[in-house]
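Structures are listed in the sections that come next.
There are two complexes below, and they share chain A, which is joined by chain B in the first and by chain C in the second.
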Partner chain A sequence: MRPYLALARASARSVLTYRLTFVFSMFGLIFQLLALLAIWHAVIGAGQVNGLTWPQMKSYLLVAFSCGALVSLYTDFGMAARIQSGMVAVDLTRPIDYQKARLAETVGGVWIELLVAALGWCGVITLLGTIFWPDPVHLLLFVLSLAAVVPLKFLVVYITGLACFWTQNYLGINWARVAVVNLLSGALIPLSFLPSWFGTVAEYLPFAGITSTPALILAGDLHGLAAVRGLLLQVVWALLLWLLARATWATAVRQLTVHGG
Partner chain B sequence: MTGEWMRTARLYVRLLGAQLRAAAQYKADFLVMIFAAVLSQGVGLIFLAALFARVPHLDGWSFWLVALMYAMVTVAEGIGSLLFEGTWRLAAMVNSGELDYLLVRPYPVALQLMSSAVGFNGLGNLVLGTAMIVVALCYAPLQWSPLQGLILVLLAGSAVVVKLAMNLATNAASFWLQGRNPVVAYAMHQVGELARYPLGIYPVGLRVVLTTVVPFAFTSYYPVSYLADGVDATIGLLTPAVAVACVFIAIWVFRRGLRRYESAGS
Partner chain C sequence: MSSASEPVIRAAGLTKVFRSPDKAPGLSGSLRHLVRPRHTNRAAVNSVDLTIGRGEAVAYVGANGAGKSTTVKLLAGILIPSSGTVRVAGVDPHRDRLVNARQIGVLFGQRSQLWWDLTVRDSLEVLRDLYGVSRTQFTERLDEFDEVLGLGKLLPVVARRLSLGQRMRADLAATFLHGPAIVYLDEPTIGLDIAAKDSVRMFLRQRVAAGTTILMTSHDLRDIEDVCRRLIIIDDGRIIFDGDLGRAKDAYARQRQLSVQVDAPVDLAALRAGLPEAQVEQGASTRELVVVFDRFAHRATEVLDALTRQVDVVDFRLQEPQIEDVVRRVYRGELLVLPPQGVDA
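Showing the complex of A and B:
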């Protein structure tokens, strides 16, 4: 456990050292939040769209913003750089588990990402008024669901990062992943707005657990048993993806060719 | 004078062509980047379509007109990546002192810089964005005449120039910041994304900023507004003037920055 804790601390310290880079990496997310707030404000007004009122939508978008901020330390780009340069060979000789090590680095930065998210919440609530808060039970479910976002999103990022064992162009893979996750997680638009068959399929995919589930629980749209089911689905997917990542890694390392040294 | 301009343009094509051929050697790269660009822009379009499936208007604008604004930004970004991607390398070049190489060659530094890289993702943006514009123009409720068509071309071209000039000006901030990454340009790029939607949805202060300080509203909203004869119709005609002003400001900022450049140690 100790080496993983050290990795987590080192990753947090690295964020704090390069804080300007970190803050600017959040800019895309901040302006996406701004645009979405403006759009939904214009669309919903005092009424509601698809059963969501303006306070509920604000809750939804803030959670989407937070889920975007979580696990955004470019772990995948770090992996990509080391795989492409061959430095990953050094990682292979270390007496720690590669997957757990990357998870530790991701978890290490979470508190800073939550801090950024909290600033977003304060800003929006101050400027645009109160958001929708569910009862304490659902608030607890929301917190658990938000916590489940961390391993789930990490695994999606990690598995795409492993693509570097096969391709040299990680930037394109990363963009493609961001686009797919943005759509299928409900980060751009709640899944209920998509064509019904498509939305239903998306609800059962792992991506829904990255934004839609916690966001709908806080917005009060997912309650009771449905909320619990959503949370369980997140956990099940996290476990399945963990195993999938292991399997991918096992095949991926065999692809590795490091030239010279 | 004209000969000089022709030579400058021809050399730009040659310089960029060299980058293009070099980059095209990596076919998988090429395909991955185009695929990623189309996917990213396509998702944005799905968002718009899903939104407008539930609501008829966004601040009084119908789907096709908003799609037109969205597509104009997509096209401008596409042209920026495909033909002027090198602009984004300025920060790294200033930081490493690599800009020295450009200073000794007999060709404008800014043009050498801009032609020093190719982003194939731009091709994806360009194709998808152009297709979107054509479809949107067919369906949008617009009055057509030859003059209107001419104005459309002029405004759309100017809109792209505004975007490119803003790109150069904001990247030139790296002359002062000297960091490895073009943080200011990146942040401003994100501000520019706001122009994908009608200006009226934003608070007044932001509208003023997007019209004057960082005139991204001229990359999409104002030109479309003129074509649709909407609320800010006449101001749309100012787009070419804004484009010229942006180019002059960008060149001025770049020159000021270049004078400040002091190479890297060692």
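Showing the complex of A and C:
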């Protein structure tokens, strides 16, 4: 455990160097949040749409914003760049598991992402009035579900990052993943607004656990057994993706050609 | 020397083949590649046999792209061999990468292992925890390294603000921090100034004296002469020379060169008669002479005596044979075979 804690501490300190880059990348998310708030405010008004009232929608969108901020800082382009530049050779000389090491670094960077998310919450609640809060049991379920976003999103990012062992063009892969995750996770619109068959399929895919599950639990739309089932689905997908990532890594590392030096 | 100690690195028939796409230029070439991909296989390392004993300091030399770095990466467990076997201290480096990682240190001269955004001290502390080095041992090692590497001033500096020479010193400390038995250094002095190179070499000599097995690639032949006792030359993926460095020099780098400035023109014919086994040539002007001689046939003082009998020597400079000459001649294919290493070395 000591090596991984050390890595998490190192990245927790390193992220401070990139706070400016991070703030700029947060602008995109903040604009998205503001735009979505404006649209849904106009759509819902004083009534409700698909079972969601305006306070519930505010809760939903704030969670979506937070999930967008989580795991966005450390792993993604950093890992891709290290693979493409051959710095991965240095990582491979370490007596630690590559996948766990990257997860540890990601977890280390989470604190600044949570901080930014918290600022977003304060801003929205101050400006747009109170949001929907569920009862304490569901609040706890929400916290657990939000925590599960970290490994789940990390694994999706990690597996796409491993593509750099095969291709030099990570940007294209990154965009494709962002598009898929935005749509299928419910980050842009809640899954219940998709065509019903498509929405149902999406609910069972791992992406739903990256936004939709915690957002709907906080919004009170996913409650009781359904909330517990959502949380379990997140855990099951995290475990499956962990194994899939391991298998991908085992193949990827065979592809490794370190260029130049 | 090497025969006396037990082998710690043993490679047999070690081969690494890289597959690269064979694309014709332009869009049509790319499309054709998409439909029917063609690849070229190139053996970066081609059936290399290598045995290195505990405590040896080996120079691994070759032109760019000869396969040096690939060999190092195979030995470090970073790359998986296409065929052949490697054992490093009883471990298969790529199969037991994590076990192997504990016993080796790797320094890539062109890639820093420090955390770019942390101070050197923070980076070293992360490495301490990665390798499970105890706090007391950590402090002891840093004190020990400090003498030559001058770490004290570097510790509070953020890695990205270090000069190249400082970075390399910090990287050396990082490489040796966990007390690895075997260390691979891939161009440890690349881009450094003379002073920084000297401290790197002195540090490496100390580590070798302390019993660390070292395999070092370098283009700087002074590095090799200063640190290593054994020379291995690789060309186009194959080992073409493996032998004692001193013997290689004695056998193939015998030519010393004496450059002399004199106060009056010299009679070259008379001088040549006095030094039958040396080559005497006119230098850039009539007042300059270059004498090339075998250091086993003539002593430098003999040559100088012969000169001073004729003219007054104003100034002279003696150039020692360079290992570079050996390597250059091996590249040219002049010295393919060296007699096997004997006990007389």
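Just so it is clear, the second predicted complex is superposed on the first by the 259 of 261 C-alpha atoms of A that agree within 3 Å, B and C clash if a C-alpha of one lies under 4 Å from a C-alpha of the other, contacts with A are read in each partner's own complex, and residues count from 1 in each chain.
We adopt the following convention: a residue touches a chain if its C-beta (ideal position, glycine included) is under 8 Å from a C-beta of that chain, and two chains touch if they have at least 3 such contacts.
Quantities reported herein were computed from a predicted structural model and do not represent experimental measurements.
Enquirer: Between chain B (first) and chain C (second), which does A:176 come into contact with in this model arrangement: first, second, both, or neither?
Expert: So A:176 only meets chain B here.
Enquirer: Would you sort A:89 into first (chain B), second (chain C), both or neither based on which partner it touches?
Expert: Second partner only.
Enquirer: Look at A:254 in the shared chain and tell me whether it touches chain B only, chain C only, both, or neither; answer first, second, both or neither.
Expert: A:254: touches chain C, not chain B.
Enquirer: Return first, second, both or neither, reflecting whether A:115 touches chain B, chain C, both chains, or no partner chain.
Expert: After superposition on chain A, A:115 lies in contact with neither partner.
Enquirer: Contact-wise, after the overlay, does A:49 reach chain B, chain C, both or neither (first, second, both, neither)?
Expert: A:49 sits against chain B, while chain C stays out of touch.
Enquirer: Touch check for A:13: first (chain B), second (chain C), both, or neither?
Expert: second
Enquirer: What residues of chain B sit close enough to touch chain A in their complex?
Expert: Per the touch definition, chain B meets chain A at residues 26, 28-29, 32-33, 35-37, 39-40, 42-44, 46-47, 50-51, 53-55, 58-59, 121, 179, 181, 183, 186-187, 190-191, 193-194, 196-197, 200-203.
Enquirer: Touching chain B in the complex: which residues of chain A?
Expert: For this pair, the touching residues of chain A are 20-21, 24, 27-28, 30-32, 34-35, 38-39, 41-43, 49-50, 167-169, 171-176, 178-180, 182-183, 188-189, 193-195.
Enquirer: Residue numbers of chain A touching chain C in their complex, please.
Expert: 2-3, 5-7, 9-10, 13-14, 16-18, 86-87, 89-90, 92-97, 253-254, 256-258, 260-261
Enquirer: Which residues of chain C touch chain A in the complex?
Expert: Residue list for chain C touching chain A: 18, 69, 73, 76-80, 97-99, 101-102, 104, 106, 108-113, 115-118, 122-123, 125-126, 128-132, 186-187.
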